[in-house]
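Input: structures, listed below.
Both complexes shown next keep chain A, but they swap its partner, so chain B is in the first and chain C is in the second.
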Partner chain A sequence: MRYLERRMLHASFLLIAVSILCFAFSALAPGNFFDEMKLNPQISPATVAALRSQYGIDQPLPVRYGRWVKSLFSGEWGYSFAYNCPVKNLLLLRARNTLLLTAIATLMSWILAIPIGVWTASRRGRWEDRFTQAGTVFLLSTPELVLALLLLQWIVRTHALPAGGMLSVNFEELTFKSKLIDLLKHLMAPATVLVLASLPLLVRHVRASMIEVLQAPFIQAARAHGIGKATLLFRFALPAAANPLTSLLGFSVAGLLSGSLLVEVISGWPGLGPLLVEASMNRDVYVVVGAVMASTVFMIVGSIVADLLLLIVDPRVRTS
Partner chain B sequence: MATDLTTRRSEPPIISAAGLNKTYIQRLPFSRKAFAVQALRNVDFEIVRASLTVLAGESGCGKSSLAKCLAAAEKPDSGSIWFEGTELTRLDGCEMASLRPQIQMVVQDSAGALNPRFTAAEIIAEPQEIQRREDRRGLHSRACELMEEVGLPASAANRHPLEFSGGQRQRLAIARALALQPSLLILDESLSGLDLSTQAHILNLLLDLQQRHSLTLLLISHDLSLVGQIADFVAVMHQGSMVEQGPCREVFSNPCHAHTQELLAAVRIIESTYHAAQAGAGR
Partner chain C sequence: MKNKQKLVAAAAILVLLHLIIFFAGFVAPYNPASQNRDFPFAPPTRIHFVDTHGHLHFRPFVYQYTNRPDSFSEYVEVHEREYPIQFLAQGAGYKIAGFVPSSIHLFGIEGEAQIFLAGTDSFGRDQFSRILYGGQLSLAAGLLATAISLFLGLLVGCVSGFYGRWIDESAMRLVELFLVLPWLYFLLAVRSFLPLHISPVQAFFLLVGVIGTIGWARPARLIRGVVLSAKSRGYVLASRWFGASDFYILRRHVLPHTYGVLLTQAALLVPQYIVAEVTLSFLGLGLGEPAPSWGNLLANLQEYNVMASYWWMFAPALALVIVSFGYLKVANAIHEHLQSGSI
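Take a look at the complex of A and B:
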């Protein structure tokens, strides 16, 4: 419990540091949201100055930071200039969409990676292992962007799946079952790209951990006791190989909000990715800061989850 | 003693190996070049039932490879191994699985040989669970019995391996091996890395267990001075070949092979150095 308290304290310091750095870097960037208005002859300089003053842009950095912190406690998380609404509403909606995509993709990746990794480790050096290794090297060396574009090209040619977006135009008119199918169809393409991008790394990690454990003397001893192959692999070896994988799972949780930005932009998924790109281009500072802070929170939660899982799965960590 | 050993030698051996060959292919790091290491060269070997046989030899001479082949942890490239009248090298997976409990092995690295996630009781119960020998309730009490038999308190049943000392871990490994009531127990350098008093305690324990369970013991060791005093038979390996084997007294008093003579001379040098040092300290 004390460990958890200590971690929470560290996390709060980290969040404060990230927020200050975010504000400092956003202040270093030239211009602001209202600068483009100055180019518009229909908007008078007085109006632009009034807007700057209204949104507090003309204030010094510490004052702006203080106002943002205050808005955090009032539940607004800052204000979006472009959308003219509190950042919280905007972020929660987009984060929900991103989480739906990334959680499914992460789950699928792990569900596939564990059996493939365990299987290839048990067939080490044979053609099945070599073939899988070649496949993972190919996928690792192919950028996410290329995978997404290739899949999109195939979808456009075959019309097998919707080419972009999250819901069909007539979504509201559909029955519950049809709505679910429609959502899954839209989810398929971006989720497949994310799975293909993360799968090789996970497979290689699972395989490497398993190979190390399978050579351990206690595994040889279990073999000498006449254990079955499946029991040996999944009941004995996999839990023993779980430590590095548990940390990796923590990273997967940490990357839930930030891991799919590029794929979301390409596939038109209305998640945090397109919002962040748009907000960065428009210099919508509070949205950018909000998205970065949300990713940081996930990063911290991910690493705490990994540590707690490690505590649960490994008695040595508990003892120490 | 000599008559007894002669009688036991005439009995059919519990395990025998004939013409064993084993070669390992190794690769140099960052190279595709492979080279072969011949660990066993035409090895003939047999172990008399209910005896304590010591397998000695320098490092890398093939002792552990022979032990692994006898324990069916590895398959020899050629040759045959007979255990209680059954040829091990011809058995399929299922037949081998039913025979495995009969031959158990305890390795040197006791920390690595015990699953670090299991408690002592779970470690000892594991082989019985695999072989479905006991129901779940009986497993724990049987594990506690075995712990006490090897000199560990049953109150430590819920401790993890890393909470035990090296000697205690070795006892735990022996208890696990005994759980399946094997006929042959192979101890591969199990005494190495332990201090002298712990080695003596474990040797006494092994002798005690041998008498109680009519166990056949194969002890692989460098230390001829320690195990030579209690072994019934000794076998000496050199560069993958079996160069000498026979009753311990015969081999010790009349070593035929030059390598055996070297090993025994080394023991005598150590002993005389020790006695000289003792005498010097006394003066």
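Take a look at the complex of A and C:
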């Protein structure tokens, strides 16, 4: 537990540093949200100045940062100029959607990657292995952007899945079961792209660490004892290969998060990605900072979960 | 030996790709900005060997296209006359590498017919030419940003690994900070704080600067590790006892050890940064029209009807995949080569 406390402390320092970094960069901005209004002859310069001081943009950077921290504790998390509401309401909803998407994609890609990796490792050098390897190389060199566009084109042409959004228009009228199905249908396209994009790296790592373990003497001994192949692979070899894989979980969360930004934008999933892009265009500073902070939290939580898993999986880490 | 052959083959393909894109003016049949308002969204021109009478031609040829009556952007071939494809043909003027003026193209068509290998866009501009010219911007952005990242990484990694103590401690905290940042989100955020409406040249350098500066952390950490192991070797300690300066030791004894890591990182970072440029331009935050880049070429696909009706608008994606594939192969080959022995 001491370990967890230390990680939490470390994480909070990182978050503070990220927020300072964000604000420091935001000071570079030569314009702000209200600059567009200056072009409008119907809005007087006095009004723009009044708005600026009302939202506190005319204050120096440390003061703005102080106000932002204060609003964090009062549960506002800053104020969105474009939506005219506290950032917290916006962010929580969007972060929930992104979490739903990335969590399901992470789960699915691991569920697929482990058997594929174990299987190809056990058939190393045969045609199945070579075929899978070629597939992973192809998928690795195809960016998420391209995958998402191709899938969307297929959907637009065949109407097999809903093209965009998260819920159907008539969502409120549906029964619970059909609500769930509706959500899953909308989730299918973005999740598939994310899984396809993160799968190849995972498969390669699972395969590599399995191959290493399969050459170990204790596996040879177990094989000599006549232990069946499935038991050998999943009961003996996989736990031994799990150590490097759990630290990969943190990386895979990072990859999925940056991947999900684009995929969300393209497939219209109302997550953090579209919010951030929109806020970037509008220079809605506090929303941008909030979105970056939220995704940083996801990253940190991902790596902490990976480390905790490592504690569970590897007894050597626990004792040291 | 087999690894080395693999490395050479992969690197040769990659060099060829870069040469094609570097000499885009020569390979591309048309100027990327020249419009054919009569031919919006023309499909890729079909290349024939056999004419309508069944005669086999040794020189491939194309037919002229014309609008199908009563339709928009649907075209039919006019089978009146064959237009053979000329190699090393005269065409629109361009400048080789930006300096030497020339008007010779790898291939072209003489007469009224035109050849669009990858179709045309909404202004009737030749997509094939635009992809080649766009590749110049996208690849240059990737390469320059990688150079920035590796330079910063090398600097921080060497200094923190070599001098250690509080410098190392604080540099590594900074590395942790940048590693935990979700880089695409941060990239977008930083981009949003910088001016939106700027000239293409400014946009290019801004983009390269931002992408390059954000990604220095991982190379820095890897290089620090190499430097740490290198500086405690016997000959380094010996040369220090002989009175060699820090700079001499770094340059002569430590830097050569980092080349392997630098090469592998470069091969990994370049495609990643090309994709970053493509992503930002796709979202409208990077390089904008009229200068073509793979990102803003792909941005055409944001319109549903373009995506659904004109499959050749996906051609820039193919170019992107091919280049990523080349770099991936090179990265793998370097990695295997390094593991099997020294470079």
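Just so we're on the same page, the second predicted complex is superposed on the first by the 311 of 320 C-alpha atoms of A that agree within 3 Å, B and C clash if a C-alpha of one lies under 4 Å from a C-alpha of the other, contacts with A are read in each partner's own complex, and residues count from 1 in each chain.
We take it that a residue touches a chain if its C-beta (ideal position, glycine included) is under 8 Å from a C-beta of that chain, and two chains touch if they have at least 3 such contacts.
Since we're looking at a predicted model, the values are computed, not measured.
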- Task: Could you tell me if A:222 is touching chain B, chain C, both of them or neither one (first, second, both, neither)?
- Result: first
- Task: Check whether A:239 is in contact with chain B, with chain C, with both or with neither, and answer first, second, both or neither.
- Result: first
- Identify the partner contact of A:292: answer first if only chain B is touched, second if only chain C is, both if each is, neither if none is. second
- Query: Which partner does A:25 reach: the first (chain B), the second (chain C), both, or neither?
  - Reply: second
- Task: Please indicate which partner A:314 is in contact with in the superposed arrangement: first for chain B, second for chain C, both, or neither.
- Result: first
- Task: On the superposed three-chain arrangement, identify whether chain B or chain C touches more chain A residues.
- Result: C
- Message: With both complexes superposed on chain A, which partner does A:231 reach: first (chain B), second (chain C), both or neither?
- Response: first
- Residues of chain A defined as touching chain C within the complex: 14, 17-18, 21-22, 25-26, 28-31, 137-138, 140-143, 145-146, 149-150, 152-153, 156-157, 163, 254, 257-258, 261-262, 265, 272, 276-277, 279-281, 283, 285, 288-289, 291-292, 295-296, 298-300, 303
- Message: Quick check on the complex: what are the chain C residues that touch chain A?
- Response: 176-177, 180-186, 188-196, 271, 275, 278-279, 282-285, 298, 301, 304, 307-308, 311, 314, 317, 320-321, 324-325, 327-329
- Residues of chain A that touch chain B when the two form their complex: 216-218, 220-228, 231, 236, 239-240, 313-316, 319
- Item | In the complex, chain B residues that touch chain A | 71-73, 96-98, 100-101, 103-105, 107, 109, 112-117, 119, 126-127, 130-131, 160, 162-163, 173, 176, 180
